[in-house]
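Quick one: the structure is below, and I'll ask about it shortly.
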Amino acid sequence: TEEEESVKVNDEVSIDNPSGDLAPLSKKTTVIIAEDGSASGAGFYIANEKGYFDDYNIEVEFVTFANSDDMLPALASGDVDIAGGISSASFFNAIAQGIDVKIIADKGHNEIEKSYFTFVIGADKQGEIKDYSDLKGKKVAVSTEHAVDDYIFHQMLEHSGLTEEDVEFVLMPDFGNMMAAIENGSIDAALQIEPLITQGVSEGIHVRFGDATDFAPEAQIAMVLGSPQFMKDEQDVSLRFMAAYLKGVRDYNDAFKKGEDKDKIIDIMTQYTALKDASVWEDVFVTGLDPNGKMFIDDIRNQYEMYEKNGAISGEFNFDEAIDTTITEKAVKIIGEYE
Amino acid sequence: MKDIKNPIETEKREWRKQQTQLRLKTWLTIFSPISLLLIWQFLSQSGLIDARFFPPPTAIISTFIDLLTSGELFHNINISLFRIFAGFLLGVIPGIIIGLCMGLYAPFRHFVSPVVMALMPIPTLALLPIILIIFGIGEVSKVVTIAGSVFFPVVINTAAGVISIDSIYLDVAKNYGASRKDFILKIALPGSLPVMLEGIQMGQAIALLTIVAAEMMGARSGIGYLIWTSYSAFLLKEMFVGLILISFFGYIFSLLLRWLQRKLIPWR
Amino acid sequence: MKDIKNPIETEKREWRKQQTQLRLKTWLTIFSPISLLLIWQFLSQSGLIDARFFPPPTAIISTFIDLLTSGELFHNINISLFRIFAGFLLGVIPGIIIGLCMGLYAPFRHFVSPVVMALMPIPTLALLPIILIIFGIGEVSKVVTIAGSVFFPVVINTAAGVISIDSIYLDVAKNYGASRKDFILKIALPGSLPVMLEGIQMGQAIALLTIVAAEMMGARSGIGYLIWTSYSAFLLKEMFVGLILISFFGYIFSLLLRWLQRKLIPWR
Amino acid sequence: MSPNPKISIHELTKVFYKKKNSVTALENISLDIEEGEFVCLVGPSGCGKTTLLRILAGLENQSSGAFKIERSGEDRPNQSMVFQERGVLPWLTVEENVAFGLKMRHLPKSHVKERTNYFLNKVGLAKFTKMYPKELSGGMKQRVSIARAFANDPEILLMDEPFGALDEQNKYILQEELLSIWSETKKTVLFITHSIDEALYLSDRVLLMSAQPGKILAEIKIDLSRPRKLEDIRSNSEISSKFLDIWRHLQVEVQRSRL
Amino acid sequence: MSPNPKISIHELTKVFYKKKNSVTALENISLDIEEGEFVCLVGPSGCGKTTLLRILAGLENQSSGAFKIERSGEDRPNQSMVFQERGVLPWLTVEENVAFGLKMRHLPKSHVKERTNYFLNKVGLAKFTKMYPKELSGGMKQRVSIARAFANDPEILLMDEPFGALDEQNKYILQEELLSIWSETKKTVLFITHSIDEALYLSDRVLLMSAQPGKILAEIKIDLSRPRKLEDIRSNSEISSKFLDIWRHLQVEVQRSRL
């Protein structure tokens, strides 16, 4: 549109720049990132530690929220520029209310057979629950309603041929609580997340139960969200931010997929996340982060349609407007495709 | 030198003036929340405050009516009231018993009070995981969460109430040969009642403050659940309905307790 | 007929007996938390309670020392103490001013009290999003969260304190021709101080209870942050360190306030 | 003195001991009180009057010495005390307060009811049975306290300045009432007062106590006929000289205790 | 009567009106008090004594009638009141309490200091200046209250049963002190009491009030020479007969108010 064109973006590339591509910003700019302390922020952490943001004269500041829904008001008001969130009805509702937040890049999907976000069952339930259909009549804890957790839960039900009535859905907003609830037998299974999965396994609380990619191989779990001001009015910054972020994600992939410089990356992860034990990082199924920032957009649309079908969406809006990957694509073009 | 005639007329006029003032004050009490709501309505509609985050009162009321007619609200209110009442009782009764024991037996008091003092400042929110481990996710853990936060003010005030009983009443009891049981029932319990009831009043306020936290684990209904799921789903009108309900019940409960106070301590 | 000789000796013996009992009670007060910790240690080590959820005190202490030596803890404590103090002051000072005004001016009281009563029962946790919208994610919103919960007990008790001043003192002030300013400074303020300080004490307790909620949004440090991120990451030893810190500061603050009470109302 | 006094106190001493610092409140008090006698104890503030009463009432232990209250053989409590104004239990109604002692002894309901009503009538509170003490005037509260003590039917009555806080007119009415009940029940009474006039009006014998440490300085027999009238006492010059006697004694003691 | 009395009260009436229900507390009180006179007001409980004093003190408005306090022309307050025991401000020290009236008038610091010390010495509290009321006995608190009123140097002094709650010996000591300060300062004093003995000992004139509605029934001049001694009063048969006079008057009123 006209408005977008009016924003002049300095996207000239020169090898002489500290980054080897885009020129640094003339003025030091602070970008505020909202996090919930999860490992899926790896791209931000690594880019920060490795100086990719510095190269563009960007300074990042992290703030932590209890969950991604709490970030929305802050994102809408411009208090934070970037947030890591999950797709949820609340996100779409907020957009419908005029809070113009954009989904811009991948921040977490399950790797085939190595899901970081998947079901676990109580360690003592292994004899009882062998197949998804054995969950019939069981209590399963899910951390949100009308959000990606719920969506995966429903995918699982569909896959196993069960209906909503067959399984008792237990809403439990805290993943830590799920560990406690499994341990004392309050629930039989839970849709749990790394690194709690690995921790719980090693402590004998629960065991992995199948893998989420069995029934939802292409589920988009977490996304990078951008504030409207940041995406529209500060494209100089957002483009550089995205370039740096993707460099961080690529280092992450190099480390966990190719084993390059793994110690350094794990060191960074122990610094930024609550999991301080480097040896445990060797065992966890890490979050899948696409090196080109690509998302499963069709899956996000499926999720949205499910929330709408369940009556969780109030108000009208155009789904496509919620997704804006132009900056990400431009950044990939500038730093090149990942092999 | 002032000189006024007709004493009764003078005082009657004075009294009428006072009555008018009293009525004015009652009007102020009614007018104040209404004017606040009107200001809110105006600010919200005129866009001076963000209507996305502060929907105008009329919109909240219409949401309220929608929820009410759908019957959903009644269910949520019922379940929350049950939890609040049960949690309240489960906090108050042991609070009174342990408080009385603390007041009556100095060694017990010295043994228990450091533990009470150490546990009291710990936030309910931080205790949720421990409650969950011990009591599971059922109704019990919600009731226990509320009970836990009600317990402390009651136990502390009951013990303080017993200790603060004027020693002359202890002398009276001793002089008239009260047995241990009679002493507890006729002196310690009624004597500590006024301070104890203050603790219970505080406990009631805290029970309401805790309902959201209590309904954060494994709940599928309740006012607290309504509030935070509405917020999580960014349905702010529904959230405000929940907040107003809490505030309304706070008012009802404090009326109830004041009534109870009048019944239980008619001698005050 | 009983007959005892040597009155002073008898009483001396009696007094010594009492002293021993007093010392015993002090010992009980120290012994009680220690014995509790020992029992916990035993249960946890022997596997009678789940050590993964209730790590033994020794393990918690060693985690405490680790955190302490890494310097991380100091930073968290500092920032939380700052937030608590700032929030406490920001709640107490307007609380006292508005409470005094409510106590002194009946129309103001009638206007403000319905609003205060309506807002009081609303849980802090439910107000977080609204606070966030208004005050952003910086320090301000954390301080405001604490201030908001401290404000209510202070304002209510200050107003009650002013109202409860014995009318004879008002007569004294009037009889001796006190001006409005003198009346506020010499009668209303000192007269309401004891009840006001009870409100402040309650506010202090609530400030601590709120720190976890306050540090749930946009924080990167603090004891509350330590508690809930530790728990989210299932690092229960760290969580217990946080809980113990809260409890410790609760103790310190109540000592401080008791000292302040002695200084401010020496006439009690 | 009769060989079997109702109350006999023998060399009673009370010391309050607190960390190196000991106060002798009573020193070698020896005293006999006859059955049915009305004895007033007068002395400067802090001389140990209350302490003596509390020892007799079993609320405090003596440091040395002994005392004995002769039992009549019937099932009645040893003593009952009438406290100052605050001794009425605020959470019990007038009726419940009067019945308190009887209920503590778990006597049959009908008996409790009967005695309570009898004494409520005696002190003129029959119309106020269901009221709480806060609704009563100071004088009415003291009536409750007196009715409670008499209803309990003890061997002896101990009264610690029961009328100290009342105004003179009310005080006089209550004194009259007390004498009337006393003359009916013929109880032995030990009565503390600050008022010489009160002591002269009420008692058979006035005991004068010294300032700390409390000793019995002198005793003065009042052998006016009963029922007494205030007019007689005020116009009787012998009583006037007794008043001045006691007054001078106390003046000396008060001066001494102020030095 | 002199043409210019210090206090002149003319047909003062006070009605308490509450929702259809009106109580006439004072009815047509007319009264003159001379400069330097010590007048005692005696009457049954509830007859309106306190109400009269409160009207004079400006704490209550009369319903009809008028009163006037003659001004001496100097810069001094109209009146100061000595309240019952509770009138001492618990949060001020002895010194601050005595200085209270002077400070409210914002007098120079040195002047406040001087007058405060003078009256603290007068009532024998010089050693207790920094103490809080809770540490004082009842008698000492009344001393503070009296010193505060006198230090304020008002045109007249109003005293509402200042010694009502004290024991007899302390009461006598304070009465002596009061008379000594009064004779020095020559203030006009209106003093309420329940005690006939107190009225006889202190005043130049005793005013007798009737039960509700309060009227002045009679006045009795006491023309004993000063300084007076209790011994003289007790042995003086004229005073005895005045005592009985007042007593009978009050008896009638008390009986009347009980019906």
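Should a chain be cited, it is by its letter among A, B, C, D and E, assigned in written order, with residues numbered from 1 in that chain.
Going forward, a contact is a pair of C-beta atoms (placed from the backbone, for glycine too) under 8 Å apart; a residue touches a chain by one contact, two chains touch by 3 or more.
Each chain and its UniProt protein: B, C = Taurine ABC transporter permease; D, E = Nitrate ABC transporter ATP-binding protein.
No experiment lies behind these values; they were computed from the predicted model shown.
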Graph distance between chain B and chain E, where chains that touch are linked: 1
Labels of chains that are neighbours to chain A and to chain E: B, C
Contact pairs, highest-scoring chain pair: B-C
Most distant chain from chain D, judged by the mean position of its C-alpha atoms: A
Rotation angle (°) superposing Cα atoms of chain D on chain E, nearest 5: 180
Classification of the chain B:chain C interface as same or different, half of numbers criterion: same
Centroid spacing, where centroids are CA-atom means, of chain A and chain B in whole angstrom: 41
Rounded Å distance, chain C centre to chain D centre (Cα mean): 48
CA centroid of chain B to CA centroid of chain C, Å: 19
For chain E, residues that touch 2 or more chains besides their own: none
Where chain C touches two or more other chains at once, by residue number: 50, 53, 129, 133, 228, 231
Touching two or more other chains - residue numbers and ranges from chain A: 73, 174, 176, 180, 183
Contact pairs between chains, per stated definition: A-B, A-C, B-C, B-D, B-E, C-D, C-E, D-E
Partner chain E, residues of chain B touching it in the complex: 1-8, 10-12, 14-15
Interfacial residue positions of chain D with respect to chain C in the complex: 10, 13-19, 22, 24, 61-68
Chain B residues touching chain D - in the complex, by the definition given at the top: 166, 168-169, 171-179, 182, 186-187, 190-191, 193, 265-268
Chain C residues touching chain B - in the complex, by the definition given at the top: 24-26, 28-33, 36, 50, 53, 106-107, 110-115, 117-126, 129-130, 133, 202, 205, 208-213, 224, 227-228, 231, 236, 239, 242-243, 246-247, 249-251, 254
Parts of chain A lying in touch with chain C, wherever the complex brings them together: 34, 37, 62-66, 70, 73-74, 77, 79-80, 174-176, 179-180, 183, 195-196, 199-200, 203, 205, 273-276
